[in-house]
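The same chain A turns up in both complexes below, where it pairs with chain B and then with chain C.
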Partner chain A sequence: MPEIKVTPLGAGQDVGRSCILVSIGGKNIMLDCGMHMGYNDDRRFPDFSYITQNGRLTEFLDCVIISHFHLDHCGALPYMSEMVGYDGPIYMTHPTKAICPILLEDFRKITVDKKGETNFFTSQMIKDCMKKVIPLNLHQTVQVDDELEIKAYYAGHVLGAAMVHIKVGSESVVYTGDYNMTPDRHLGAAWIDKCRPDILISESTYATTIRDSKRCRERDFLKKVHESIERGGKVLIPVFALGRAQELCILLETFWERMNLKAPIYFSTGLTEKANHYYKLFITWTNQKIRKTFVQRNMFEFKHIKAFDRSYADNPGPMVVFATPGMLHAGQSLQIFKKWAGNEKNMVIMPGYCVQGTIGHKILNGQRKLEMEGRATLDVKLQVEYMSFSAHADAKGIMQLIRMAEPRNMLLVHGEAVKMEFLKGKIEQEFSINCYMPANGETTTVTTNPSVPVDISLNLLKREMALGGTVCYGDGFLVSSEQALKELGLNEHQLRFTCRVQLQDPHSDPDTLHRIYTHLKSVLKGYTIQHLPDGTVMVESIVIKVSSSAEDPNTKVLLLSWSYQVTFLRC
Partner chain B sequence: MEEDLDNILDDWFIESIKIYKDLHVYQLENPTQVLEWTSGRNVCVAGYTSSSKNEILELHLPLKLLADKNKGLCAERDFKVVHGGFADGPVRRLRHIPGTRCAVTNDGHSSSLQVWDLGGDDSDVIRRTGSVEGGRTGSVRGSRIAARPSSQPQVLHGAQSDDVRLTEITSGRTVYKLEVDSSDALSSLQFVTDSIVVAGCCKGSILVADIRSPAAPQVCCPPASSAESVLWWTDASASSSRLIRLSSCGQAVVSELRMLGGGAVCQAQLDIQMRGSDSEDVVVSWAPALDDCIAVSGFSGAVQIYNTSLWKSDLQETTPLFQHRGHMVSSQQPDGVLTTAHAWHPERPRTLLSAASDGSVHVWDWVNQSAAESGSADPPT
Partner chain C sequence: MLDCGLDTTSVLNFLPLPLVHRLNRLLLLSFQELKECAGRVFVDSQPEFCLPERELLDLSTIDVILISNYHCMMALPYITEHTGFTGTVYATEPTLQIGRLLMEELVNFMERVPKAQSATCWKNKEIQRMLPGPLKDAVEVWTWKRCYSMQEVNSALSKVQLVGYSQKVELFGAVQISPLSSGYSLGSSNWIIQSHHEKVSYVSGSSLLTTHPQPMDQSSLKNSDVLILTGLTQMPTANPDGMLGEFCSNLAMTIRAGGNVLVPCYSSGVIYDLLECLYQFIESANLGTTPFYFISPVANSSLEFSQIFAEWLCHNKQTKVYLPEPPFPHAELIQTNKLKHYPSIHGDFSSEFRQPCVVFTGHPSLRFGDVVHFMELWGKSSLNTIIFTEPDFSYLDALAPYQPLAMKCVYCPIDTRLNFHQVSKLLKEVQPLHVVCPEQYTQPPLSQSHRSDLMLELQPPPMPYRRCSVLNLPFRRRYERVYILPELANSLVPSEIKPGTSVATVSAVLHSKDNKHTLQPPPAPPTKKRKRVIEEPPVVLAPKPLLSGAVPLEAFLATLQKHGISEVKVEETADGHILHLQAEDTLIQLEEDGTHIVCDNNEPLRTTLRDLVLRFLQKL
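Moving on to the complex of A and B:
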């Protein structure tokens, strides 16, 4: 039977990095190529030895697909393509292609320059890697070769995130990457059509959670900012790029207006430049409703939010500043942080994940004394707040996605089997499909039932239906006649032939019948002949009845009846 | 201004920044009438639809809520589904047996109980392990359930006052039966100590019994003002030895458990609308860690907190100390939503969970505004 094989690379219960291999219809596809952010050594890279023990990966992979720009999904891409070696196509959406190299370069700088590591990809490698990228548009089928085709769907989650549909012949797989089913303010919810893939592959990280509402996260953000401002403190919000930053700006602006607050809000110039650049990407990527909300108002024309100047950081009194970069690892946000860290009235709000080695990561781990350049120590007295705004699908979201796509099988990666038994049971019960949960490094084989399209002439079809043979039906499935009749809603018709034979016999009807029975039994040996209590004789399936003619009781009429399948008996 | 943000920054949202220390809002796939603690960190919810299979879920509270120091460094705001299972019918009541991983449920229209294993570390599945038969078949209201506080897994259950029994879960043996002649529908059943039980009847009378003694229970009549069609709900506080009775007209009466015959300690006319005949959703409860405070839900889409120490001996109107209006404000149909359950956190003085008919579940830690404003102390914790 044909089958699809899925292997999440990695080891044991390792979560935090996505890299999944799929073998479908003779093609091998790598889905995502993430870096594990918790390790400092080679364990952070996916284990490619599963594909080949040594040497390049090009001949073993037909393509690589990256779902979005988060480092746990694309962080190991330059390592894979330039250090291990892969020259084939790498697919990702346009925004992912634009943002990936920037994040990778930032990440490389932190890891190599700040942490002094050596076995890492270089800036040139990132550039060379990105040259292999073929960008995807939403809902556009792309032929990777003459058998393999892929299509990207909107996933929500972050700018440019996609779910991808992979098809070889009549077998298909959908990989979700990270997605969300409740609309985010600037991103909308994931959507896919009823494509009925053989397997739907999804992360299980949030599958067993019930998400707190966005409203409450925003409330907490405003509450924290307000509390700091009220006590005369300064609030630093390090941000990366468009989307989240803009959302938080709009939230603050509206809150300031509503509460009639006077404290100044600033955004750093670095942010504006980046924002304008991504703004253009954003327009083509978002849907009508979101475009209406964000495009109509000019990006950073706020009433209460002004452009920042370095000198403002020393101004007395409360203020809020949005500055880049997002992990406090360099640049303006770090400069401001150094000035404000010593005052406990101040606050820093980290709206996202920080990579190891950055100041952001350290303070989020509770470090209150930081070693800066030139052996200077910085006492961290300000309040540190970690807030997560990222949009993920939860237990309910997974069920909604399955309802949308109608897969024949479900596969969840990055979960512990014992912690997922309930969800597996729930999926299997509600949708009557199998739910697989491979451990990292383990291969799941899913048998598929692909259909083979068959053409048939109309005459043959008619004849086959009449004779009760196998029938081609619908999309080209060969089915039995009973199945076809059932699905077509037709009743089976039977054809029987009858003829009458007259003979002269003075006996009664039953006696005549009995004589015929006895005679037939003696001449037709080897055939099943029965004399039935209802007054008929059956030779195989031929039925014989006797009746008298109305005018003359000695004239008997034999009624013979047989179905079309019977070969004619000579007697 | 974008209409989306207008919705977000509605009055309640702005107000919530001041009136709640913490606020979490969740949406379950189906509404729950059950909010039962299985530990200080885990709570059970369950569906009550009549058709398909209903889920029983054990949820772990968000880490951010529980983090006391370093709260700012914790970004985790979600419920974690730690265990889950399926029940064949609706689950209207669920009781956790203290000291075990066992829970008992009732479907709200029969007297039998289902017994469940909530699961340990090796599995996340909640499994049905057996059942406990009730006294009578075909009862309409379904049985009330109370779990014996001691380590012996025993459960007190019954739908009518003449039908209350204490059953040993493992053997199914009846250990005690309440000896009462009259058959009144029950609205509550509780253990106030390991051997003293309190049964509250819908018509307002109270039965107090010692399960170690075969003697008949002490009976306390309904409050004098009670009328024929009025329904009553009850809660007894073990720590303060007080009993509260609340009627469908909004009258609340506080009595001393040890002196039930001695009349009410205090009473008040609460600020709620009258309820019709549907008594399934009304809950009144004493705060376990906030003296003299009670919470009331089920009359509307709000949960109200009252301070009974302000009540007098004669019936006067009173206003709530705090009102949680979150379910009404967040709902798609603000007038149609009703709170179905609430539960105080066993240790945190002002933390509550509440659930509503639209499937929402809220976790909130409210600020005592009046104390904050006047500078006076909270009711002692």
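Moving on to the complex of A and C:
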């Protein structure tokens, strides 16, 4: 029986460094190649030695597919392709291809230039890596080779995020990457057709959450920001440069406009302008409303939001600052946080998930004393708020996707084990399909039961709904037996049997035959019985003839003749 | 239905729609609706278009319309509206968006200058026959229609289903369609229509030149049974690059002499290339201070839309988006105020307008749109130049109602679509079994009948078609795909008939749903009689094996001997032998393709003989 094997190298019962190996129909595919924000050592990258102990990965992998530009999905890519060694194709969507190298370069700078780490990938490596990338369009069927085909679907989540459908023969797997089932202020909702994959590999970040309506959360967010500003506090919103940031910017921009607020809103890093520019050029990837109105008014041109300068952090008075990165683990957001942490008037709003080990994660867990580098401790007095704005599907969304795609098996990654366990139970109960949740390095094997495609001759197909006596020859042709013989160059051999039965009947030969005919007709119901003009009676294909004996005209000789095939008639 | 384009050349028979009515130079004929102008007669009415054939078949029976590019969908509202059409239209996103802009522009041009009534008297056959050419020769004039409304456009376009290049779309489970990049315009596509065994390619409006769109996908056209070829260049003798050079030099010459340049053009397509060319050209030609105007109700949208379709652009332009920079340099022209765009000549334009200048505006037929105004404004001065770049209209016919004209006319048609040389190279490459094309491509153009290089010469010769002709595509469908369920597949016992060829008899129930066929194991015979049989399961006949091979006489006799049948009299016949088993009073007739056992009332013997014969034969 054919099998599909799935092995997470990262994101197995965990969030971060997503990297999943899939073996399907003799092809090996790597899905995502991310880094872990919570570690600074080897554990930062997936363990590629699982694939091979030494040497390059090229011959072990048929292709690599990156779902979106977040570093926990693409952060290890240059390391994998340039330092471990992989020269095969890497697929990602256009926006991901555009934005991914920028974030990688950013990440590299923080690690190498700021932290002084060596043995890390270089700018050149990022460039070389990106040269191996083949861009994917939505819904385009890409033939990786003669047998392996992949197709991208819209996933929401961030600009350019995609789900991929991977197909070899009649076996298939869908990998969702990160996705979002409800449209937000700048992106649409994920969508997939009823493709009935053998396995659906889904993220499960919010496996146990069923989030309230987006409107409520937005109102909550604005209220908190507003209150803080009113009492003269400073609000820090750690974000990643692209994605959530744009959504929150649109939100604040419209709110400031409506309320006529004057407090400044800043956006850190020089990436802002550039990031917004990407959104303008890739407007076809945003939601319906933005796409419709972009000619008249581009949503990504902000009036109230200005570029941030480091010196502004010490300015008196209220302000709102968007700063990168989003988990407070390094960079500008961390610097500002350190400055503002001591004042209880200030507020930090974490708009997304934070992986374990980051400061973001610690303060969200209520830690009020942080150990910083060099044994210093930091007292956290400012308000810490968590707003789940990260665009992941919640439990309801995941169930909705299962209903859309109708998979035969389900496999959860990118989530915490306890929460996965809960969701797994729910899925198995509601859909009666197997649900797996392998840990990193653990292989899940699913046997598939593919149908066998054959070509049937059209004549045969049209002729019969219930097929009988049909031959399949060579590999994959279905033809009638007669045609099979002809095409194989074989002659048909007729095997016939004849026997004589004598009976006494004073009637003339034709009369006897007719009597036999009527008798058979009344006895054998459901069979074709014919009285032919040449003086024979046919029961299906059995021939009956009558002749008189030469000696005695009252003795009739019945000739019965039938073919070998008749012995197989239903009796 | 493959494409539904609009024949707009019909509008050349009509008078231009002036923005301001000026009737003084028009000479009234015996009919109110016909006017003479510079020796030619024109219809004074809302211009009308020549539609695709609508009588040949019931449009409500069309399931699917495939659109190859935005120029080929202009008749869509005539087909999908008020005809009972309930099907789906497939097109790429740029095709839909830009097609919508072009339709919107057309409607806007027409509605801006409404004419009270449509002229119909001239269409009367008796009257039309009396008219001078080309009106006399116009065909199907009764089917000509006025422009559709915006409401009809919106309704028609709501039936469009978006597709991406190389996306495989299943139609009713029976065939699969897939658009391929054709390299001609943003989102332009050729189409593959295929089943598991047959493949038809529709090649329409393709280009091998490197302009802004994604290059043409040629390799996917390989192995076609039939290739339908249309949309070749209308200017087989004009080299687009040469024309572009001529365009630039004429433009520069006129400006330097203090004149204005008028470029009648469509709002999307070649204009992007013209602007890009000018972007590189204006500095070197010292035209930095000359204002360029692009006037169209959809000018802004067209320029904006062109920048957001990175996926559909050529590699160079895609790379720019990664930087991120706008893919087309007209963004920079706009930013530096060298190019300005206006929805019409009214409003801001009239106050900001400076001369000498270059104006891009439509419609290229010169019958409606803002171009009419510029013809009247600049036509009388020989300093000005009009440069025709669109190949759809004869420039002499377009200019006819404006004669006499003092302004210079330059004709540089830029048509990037395939020429005959490129087509024959392409066809050699992709090797379709049959080519189907319009009749016109199978002979040289009338005006250049000696140019045998301006026609398609193929082996086998292409199958030509003309309006309303019905062609049978030359292939026979022989096979269809069915899927054998794994349970059934496992139960098959293949036997090797000859090396490399195995045969198995399949006995199954065929399930057909949505044109997908599966073979399922036959249902087990019911073990118990149910009280009420609600639905009789299909009766499955046991397979009737066929026999093949022949029974060799000597070996058969030896076998008989072994089974204790030794008293055999062999008699030779024309076709074989008759064996008379004397002790048993039984005859066996052995022939090359048959064996006949004549045996009375002795079932055990018959069975034995049967089994012995079968030893020598192969069962299928």
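Rule of thumb we're sticking to: the second predicted complex is superposed on the first by the 286 of 571 C-alpha atoms of A that agree within 3 Å, B and C clash if a C-alpha of one lies under 4 Å from a C-alpha of the other, contacts with A are read in each partner's own complex, and residues count from 1 in each chain.
In this text, a residue touches a chain if its C-beta (ideal position, glycine included) is under 8 Å from a C-beta of that chain, and two chains touch if they have at least 3 such contacts.
As the structure is a computational prediction, the values presented were derived from the model and not from experiment.
When both complexes are overlaid on chain A, the residue A:Tyr386 reaches chain B alone and has no touch with chain C. Using the contact criterion defined above for the overlaid structures, shared-chain residue A:Ala98 touches chain C, although it does not reach chain B.
With both complexes superposed, C is the one of chain B and chain C in contact with more chain A residues. Touch criterion not met for A:Gly317: it reaches neither chain B nor chain C.
By the touch criterion defined above, A:Met259 reaches chain B but does not reach chain C. Looking at chain A, you'll find no residue that touches chain B in one structure and chain C in the other. Partner chain A is touched in their complex by these residues of chain B: 1-2, 4-5, 8-9, 13-14, 16-17, 23-29, 53, 55, 59, 62, 70, 72-86, 121-126, 330. Per the touch definition, chain A reaches chain B in the complex via residues 185, 206, 208-213, 215-220, 222-223, 226, 250-251, 254-255, 258-259, 293, 364-366, 383-388, 394-396, 399, 418-423, 425-426, 429. Listed in rising order, the residues of chain C touching chain A in the complex are 93, 163-168, 178, 196-197, 300-301, 304-305, 307-311, 318, 321-322, 324, 326-327, 477-486, 489, 492, 494, 497-498, 501-510, 512, 517-519, 538-551, 592-601, 606, 610, 613-614, 617-618, 620. Residue ranges on chain A touching chain C, taken from their complex, read 94, 97-98, 101, 135, 137-142, 151, 170, 274, 277-278, 280-284, 294-295, 449-458, 461, 464-474, 477-478, 481-482, 484-485, 488, 490-501, 564-565, 568-570.
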